[in-house]
Amino acid sequence: MEVTLKYFGQLVDVMGSHEEVRSVKAQNTQELLEHLQAQYAISHIPFQLAINQKLVDAEENVNLNEGDVVALLPPYAGG
Amino acid sequence: MEVTLKYFGQLVDVMGSHEEVRSVKAQNTQELLEHLQAQYAISHIPFQLAINQKLVDAEENVNLNEGDVVALLPPYAGG
Amino acid sequence: MKKVFIEGPISSAFIGDSIAKHQSKTSIGAHNIFLGQVRADEIEGKSVAAIEYSCYEELANEKLHEIREEAFQKFDLICMHIYHSLGTIKTGEVCFFVFVSAKRRKEVYSATEWIVNQVKERTPIFGKEIFEDQSHQWKVNS
Amino acid sequence: MKKVFIEGPISSAFIGDSIAKHQSKTSIGAHNIFLGQVRADEIEGKSVAAIEYSCYEELANEKLHEIREEAFQKFDLICMHIYHSLGTIKTGEVCFFVFVSAKRRKEVYSATEWIVNQVKERTPIFGKEIFEDQSHQWKVNS
């Protein structure tokens, strides 16, 4: 299935883009993260996920659906 | 002796001036206040005194000297 | 001691200008500003149209100097400024401007609050509330 | 929801203008303003020259809307405004502007403090500290 991945902050540096549409085999967020961490050097960067603009708890494993927008959000630094 | 009297706020209305040099027989602040209260309708107005820019406690009776500047200060309303 | 008292209202341009002047101080990370604006209070059916401020300027400047020294002792500030209007200030106009700057934000709010309260309590400033019908009453800080 | 994000620094003229716009609201007696200014911090011998801000705007706007609603519930406010810069903000420039107005002064300080902290904690804004030698590091709120 296809999901849109959005990267922010330091993750833009590492992933090399702000946003991409990606075909994934992952059925849930845990599988997606394992897949990304296997491919990219992102394990040292703390981040949380938002799916369709809804924040996901760190321990939660959420099922993915076709067309979901998954954002990877490093620590905030506003203000 | 002569003292300078300075009036502020509501006391300007009642005394009819901002400042005057007055010959007084009063030797101290208590006598001065009694003298003013006998002549002017100021007893309903709360105020404190400053002599030569130094605030005087309500209970304190301070001796007056020639040339003293006595300010009558109603409640503050800055800000 | 810097000049605190300003004849007439404190304009938004003056406030903007004060902010601009602090942009060369690159150790500052946080500013806090308090503005007192004259309110159209209704008192016994009459609306306040303006407040006419006066003060005992020599004593006020002494007190403001004390407040300034104490504020720098109490709080970790880089800059502080106090401005207060004299004369007639109409409703909607700004009559009081406290401006505090520090490296970090933590203390700026309480520093501003403390300074505002001290100025109100300790500075001999007097205010005459002038109503729309030109009658007046003397304001007392609550 | 009003626009929060501004491309580039928040100018002192913009702040002055925002203040001027509130002078027609004669129920307001007290304003409190917080400004975040980019500091020339020294980190491991290098000086910060600018911060480049970006954000997840859709989510940020949702969070800011929540913060706004909660602020009006928690504090007795007449008005509140939040502005945050995006893009490159040089040291000395203002990147964050919180503006709170109320009838009386009592709550304005803590309202501003609360809003500033909530924006920092809950809003997905990211900052890249750019040093004078063009190297950079990602800022993390402390």
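Letters A, B, C and D name the chains as they come in the text, with residue numbers starting at 1 for each one.
By our rule, a contact is a pair of C-beta atoms (placed from the backbone, for glycine too) under 8 Å apart; a residue touches a chain by one contact, two chains touch by 3 or more.
Keep in mind it's a predicted model, so treat the numbers as computed, not measured.
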Chain-contact steps, minimal, separating subunit D from subunit A: 1
Computed distance of Cα centres, subunit B from subunit A, in Å: 75
Between subunit D and subunit B, distance of the C-alpha-averaged centres to the nearest whole Å: 49
Intercentroid distance (Cα basis), subunit C paired with subunit B, Å: 27
Touching two or more other chains - residue numbers and ranges from subunit D: 36, 105, 116
Where subunit B touches two or more other chains at once, by residue number: 79
Chain-to-chain touches, reported pairwise for every pair that qualifies: A-D, B-C, C-D
Contact set on subunit D toward subunit C in their complex: 12-13, 15-17, 19-20, 22-40, 91-94, 103, 105, 108-110, 112-113, 116
In the complex with subunit A, residue positions of subunit D that touch it: 36, 53-56, 58-59, 62, 84, 95-96, 116, 119-128, 138-141
Residue ranges of subunit B in contact with subunit C within the complex: 6, 8-10, 12, 50, 53, 71, 73-79
